[in-house]
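These notes are about the structure you will find just below.
For reference, chains read A, B, C, D and E in written order, and residue numbers begin at 1 within each chain.
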Amino acid sequence: GGGGESSEKPEAVTVVLDWTINTNHTGLYVARDLGFFEEEGLDVSIEFPPETGAAGLVLSGKAEFAVSYQEEVTYARAAGNALKAVAAVIQHNTSGFASRSAEDIRRPRDFEGKAYGGWGSPIEEAMVRALVEGDGGDFSKVKIVPIGSMDFFAATAGDIDFVWIFRGWDGIAAELKGIDINYIPLATEAVLDYYTPVLIARDGLLQENPELVRAFISGAARGYRYAVENPEEAADILLEAAPELDRELVVASQRYLAGEYTAGAPCWGEMKLEVWERYAEWLKENGLLEGEFVPEAAFTNEFLPR
Amino acid sequence: MNSSPVKHQSSLGTESIIRLSEVVKGFAGLDVIDGISLSLKRGEVLALLGPSGCGKSTLMHLVAGLDHPDSGEIVIGGELVNGETGRVGYMHQKDLLLPWKRVMANVTIPLRLKGMSKAEAERIAAPLFGPFGLEGFEEYYPSQLSGGMRQRAALMRTYLYRRDIMLLDEPFGALDAITRERLQDWLSGLISALNTTVLMVTHDIDEAILIADRVMVMSEKPSRILEEEEIPLPRPRSREMVMEDDFLRVKRRIYSILRSGGA
Amino acid sequence: MNSSPVKHQSSLGTESIIRLSEVVKGFAGLDVIDGISLSLKRGEVLALLGPSGCGKSTLMHLVAGLDHPDSGEIVIGGELVNGETGRVGYMHQKDLLLPWKRVMANVTIPLRLKGMSKAEAERIAAPLFGPFGLEGFEEYYPSQLSGGMRQRAALMRTYLYRRDIMLLDEPFGALDAITRERLQDWLSGLISALNTTVLMVTHDIDEAILIADRVMVMSEKPSRILEEEEIPLPRPRSREMVMEDDFLRVKRRIYSILRSGGA
Amino acid sequence: MAAGLLFILLWEAFCRLLGLAEYILPAPSAITAALVRQFDLMLPHIGVTLFTAMSGFILSLLVAAFFSLIMDLFPVLRRALYPYIVVSQTVPIIFIYPLFLIWFGFGLTAKVVVVVLVCFFPVAVSLIDGLQNTDPDLIDLFRGMRAKPLQIFLQVRLPGALPNLFSGLRIAATYSVMGAVIGEWLGAQTGMGVYMMRSYKTFNTPRVFAAILVVVIVSLMVFAAVSLAERFFLSWKYANLRSKS
Amino acid sequence: MAAGLLFILLWEAFCRLLGLAEYILPAPSAITAALVRQFDLMLPHIGVTLFTAMSGFILSLLVAAFFSLIMDLFPVLRRALYPYIVVSQTVPIIFIYPLFLIWFGFGLTAKVVVVVLVCFFPVAVSLIDGLQNTDPDLIDLFRGMRAKPLQIFLQVRLPGALPNLFSGLRIAATYSVMGAVIGEWLGAQTGMGVYMMRSYKTFNTPRVFAAILVVVIVSLMVFAAVSLAERFFLSWKYANLRSKS
């Protein structure tokens, strides 16, 4: 690691999560609680985000790092905000559309005539459209119903047929509840296989204090690698931080994610330019992105430990 | 109508229109009225005098049927009416005008409650604004009137509810000497003209003697009737009488009764 | 102190303690007081009579310094005090007791405002509860008192603020005849004993004649002084005088002035 | 007015000088620009939100009137129901909103229910307080004239409680539009809550703030309307004030 | 009491007979079980939430007192500030919360600010109304005795406004705990809002409802405490009532 002068007082660093604490965040907790950050000379505190996300807090310098996702970084950059993704927490998009198996939705075309329950954001609609039309279906036959924060189980118990979920969380929860689901990953359409979540930092910090960034990412990488190798122990560390979480769910989710954090990549955290290009392109095509976006500037692999 | 020396012997009915017998009333742990009997004939005016807090208003409340006596009987027009309202017009000690209604709307409340239309009620009330000294103030709010005008409005409302039997609780309390005099005269005239039966409370002994056929003096609470005095003065009684010997003799008697009963 | 026929000629000071000259006051579009001049000597009692709404309370307000006259001068103790408060004890027409304070705390407000400690203020007030007829009610809330008791408490508070010059606006309005009489006597005694200067408003002509050295009658608004009457009765004046010739002569005169001025 | 202008100028300066990211706090100029550009698009959303807010506001008045009335008629019920009314205000809406969606469907109803839930409490509390304060002597006066209980209620108690009621209505008016926005935020097809949600999900902060501005203005209009209604219904109070000044 | 019991029984029956899934509406028995099992874990969260709520409640009283006071002293300021106070209630907290985090940090302060924002409005409105209602004759009485403006304020106007103030405080007390929960939901380390969010996001609906139950009970306790304080400070009012019945 870069900032390894362990004799000095550890440097205080704040990282803000993207959501309620969950298994996407395990590596950070492992690194904190097993002393990986400390060994890098960092004193990391993990904070929880407001409903509107953490990007603003990073930009304002209130926090050094945050957990975010490619979409947010893309929009932030297009709006002229200087922040970058510095590591992908998970290599592939592990979210997708789930339905109860009784609905018999096996492929995107089957969305026709079904009711989709979502947040009501235009991106979401574009994604459903991309999948349906990519599979030769008619998007106009999909009914879109805004359900806000209603979860998969409550929604599909009623008039809603399919919902956007995280495989590693809601999907696992369904398994544990013994509910059979059909799951169509977003990654079915290559363009939708974007990075979520990612770690972000402000451009300024990357220039002024690259050592600190390197130290942080290095600690986080060790944390995630530990989670890959020891899913059960990692789950326990997460549960220690948030005992209110459902233990069974966390452990099962952790086992699933162990295979996803680094899946297929040479090392944890690495991102590919084409993923950034492709997704931004797609957003523009759908009229969802305004302003100038330079994919090369939106992310960097340079701070990843090699 | 008649100016014989003692009016009630000639023009009053013979059977009593209001009769109380041994009425008793108390409030949680406080004996207020300790057995009061009285009776009024049709067209008679009875004035109640007594120390503050002795239960005069409480007694009026009972006669108006707003409260039940603990024991005893209240008979109006031959019917037992313990706790039954609507038999009398009752002017409370406070003026109780609704602050959100203009004077016209306030005084016509009793007519409207009887189901009369607004137009009809106003047609009936309009000619009374003159005699009650409220002409020109029909569309004022109560808060825009002086204390005396409010009291006159309250009296007018009572009159519009029932003019044959009226209970008046200190009807002229807040008035200046002249207005008071004018209204006292007006009330006297009304009573003789309409043969109205009046039970009134007052603190003004002159007023009691000028208007009433009889005066009853109540004791401190728990109150009883200390004494009952016929007023042997001829009618119509003029203001000038106040300084005459007959008047002063009655006044002195009443004073001495009041003093003997007070504390 | 002195029972010569006309008290003010002997025991009153010669220079005036309160002097109003050509005081004028109106409210937005309403002329109320239209030039009033009067003066009181030390120890003198002046009673104001006048129709309801003529501006009596407004005048008291001006003398108390709570409002500025539009023109004219108000001089108290030789100083021009237009709009300056604190020179007199002022008992308002309403009792204005604070409903959230017990009687003791209410009457000691003026002492506490002067910076006195609670204990000291209560030590001074305690012996007065007897004479004011409030003994035993020190720890009651105003809402638990009868109207008469509230008025006495308000009078006591005024007395505790300043007993040398007092403005009393209908101080005995809501009292029954006996209590009223008792307090009138008490006030008379107080005035002679302390040489208190009193400016009072009343609707009760008997009261004015019994207590005052002079009576001033005001006209309808815009009001002026209609007439000023010395009361040529000896002191102490007893209740019995009310029915004597001298008294009645004064009373008749005042009545006729009032009648002439009332609308 | 002047204070408001100064505030906006300071805000603008603050954003420019500190180079604050739009993400956190867009400058007034950016917000205004977004508002002007987007106003046509916003219009239908504004309509829906206003409709939801007004339906909820009126319903909350009815609900509050109903509860106040029965709690007033039956003192037993008052003691029994008061805690439940308090409870209704302490349950976080976010967590029970899914239940509303299940019970009332995904249409307008669930959003109106949110507005009612937010608005009826201040109205009910003030109406109950107001009805409690009726002068019992006034009631006696009417009883003495053989008025029926309903007549007493309509002619004495309710008018007497109006000043209190309007205090509550002013608070409820303030909350009504925001209540509708929350309902829409929690899931709807149209409305300012949806517009905000979409602007926010596409990270267009100036549009979010332009929408907030619209919500604030609409709220102030509703508030002003209630204040006007108050002046109308309580004209006797203002007549009184006028004669005193 | 009996009504509450009946309600719970019906709820239980409803869940059992319809075989309602837990994630839609857990049965009271399931909620109770969750509560019993999780109570130790909840305890620290409850403490934090209660602390936040109480700090915010007390602060909101101070803020409301400050605003009411200056708005009362300077009628110009009243007309100028009132709209801003209304505005403060119509801005959705979700969007300005990031600003709070930037200004006040990740600690307790930002949450307390949310509580203040939610609670000070009903208190301020009722206090302003209360101060406006002082009998001008009472003020004259004190002026006549040469009382200083501060003495008049403390001895006449404030005590006279207390009944109104307590109406507002009861509403604010009702909102305070929910305000803290919202603040925590928007981002915190501990507190019932965090607990609920975590239970909710792990699809443990009975725990969410157990937490709501706790929030409701704590809110009722705060409400009861304010009502007690009211009885104490307004004892003269209750003395009055007692003598009338």
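Just so we're on the same page, a residue touches a chain if its C-beta (ideal position, glycine included) is under 8 Å from a C-beta of that chain, and two chains touch if they have at least 3 such contacts.
Chain by chain, the UniProt names read as follows: B, C = Nitrate ABC transporter ATP-binding protein; D, E = ABC transporter permease.
All figures in this text were calculated on a predicted structure; none of them were measured in a lab.
Asks: Using the touch definition from the top, how many steps at minimum link chain B to chain E (ABC transporter permease)?
Replies: 2
Asks: Where the CA atoms of chain D (ABC transporter permease) average out and where those of chain E (ABC transporter permease) average out, how many Å apart are those spots?
Replies: 17
Asks: Using Cα averages as centroids, what's the distance between chain A and chain D (ABC transporter permease) in whole Å?
Replies: Chain A and chain D (ABC transporter permease) have C-alpha centres separated by 38 Å.
Asks: Take the average of all CA coordinates in chain A, do the same for chain B, and state the distance between these two points in whole angstrom.
Replies: The computed centroid separation for chain A versus chain B comes out at 86 Å.
Asks: Please output the residue numbers of chain C that touch at least 2 other chains, ranges allowed.
Replies: none
Asks: Of all the residues in chain D (ABC transporter permease), which ones touch at least 2 other chains?
Replies: 24, 94, 98, 102, 185, 200
Asks: Where in chain A do residues touch two or more of the other chains?
Replies: Counting only residues that touch two or more other chains, chain A contributes 52, 56, 60, 151, 154, 157.
Asks: Would you mind giving me the full set of chain pairs in touch?
Replies: Every touching chain pair, ordered by label, is A-D, A-E, B-C, B-D, C-E, D-E.
Asks: Would you tell me which residues of chain B are touching chain D (ABC transporter permease) in their complex?
Replies: These residues of chain B touch chain D (ABC transporter permease): 61, 64-66, 85-86, 88, 90, 92, 94, 96, 98-101, 109-110, 113, 141, 143-144, 161.
Asks: State the interface residues of chain A toward chain E (ABC transporter permease) in the complex, per the touch definition above.
Replies: These residues of chain A touch chain E (ABC transporter permease): 14, 19-22, 45, 47-52, 56-57, 60, 62, 151, 153-154, 157, 169-170, 173, 177, 242-246, 249-250.
Asks: What part of chain D (ABC transporter permease) is in contact with chain B in the complex they form?
Replies: My answer: residues 135, 137-138, 140-147, 151, 155-156, 159-160, 162, 234, 236-237, 239-240, 243.
Asks: Please output the residues of chain B touching chain C within their complex, sorted ascending.
Replies: Of all residues in chain B, those touching chain C are 49-53, 146-149, 173-180, 203-205, 239, 243, 248, 251-252, 255, 258-259, 262.
Asks: Inside the complex, what are the residues of chain E (ABC transporter permease) that reach chain A?
Replies: Residue list for chain E (ABC transporter permease) touching chain A: 21, 23-24, 38, 41, 94-95, 97-98, 101-102, 105-106, 185-189, 194-195, 197-204, 207.
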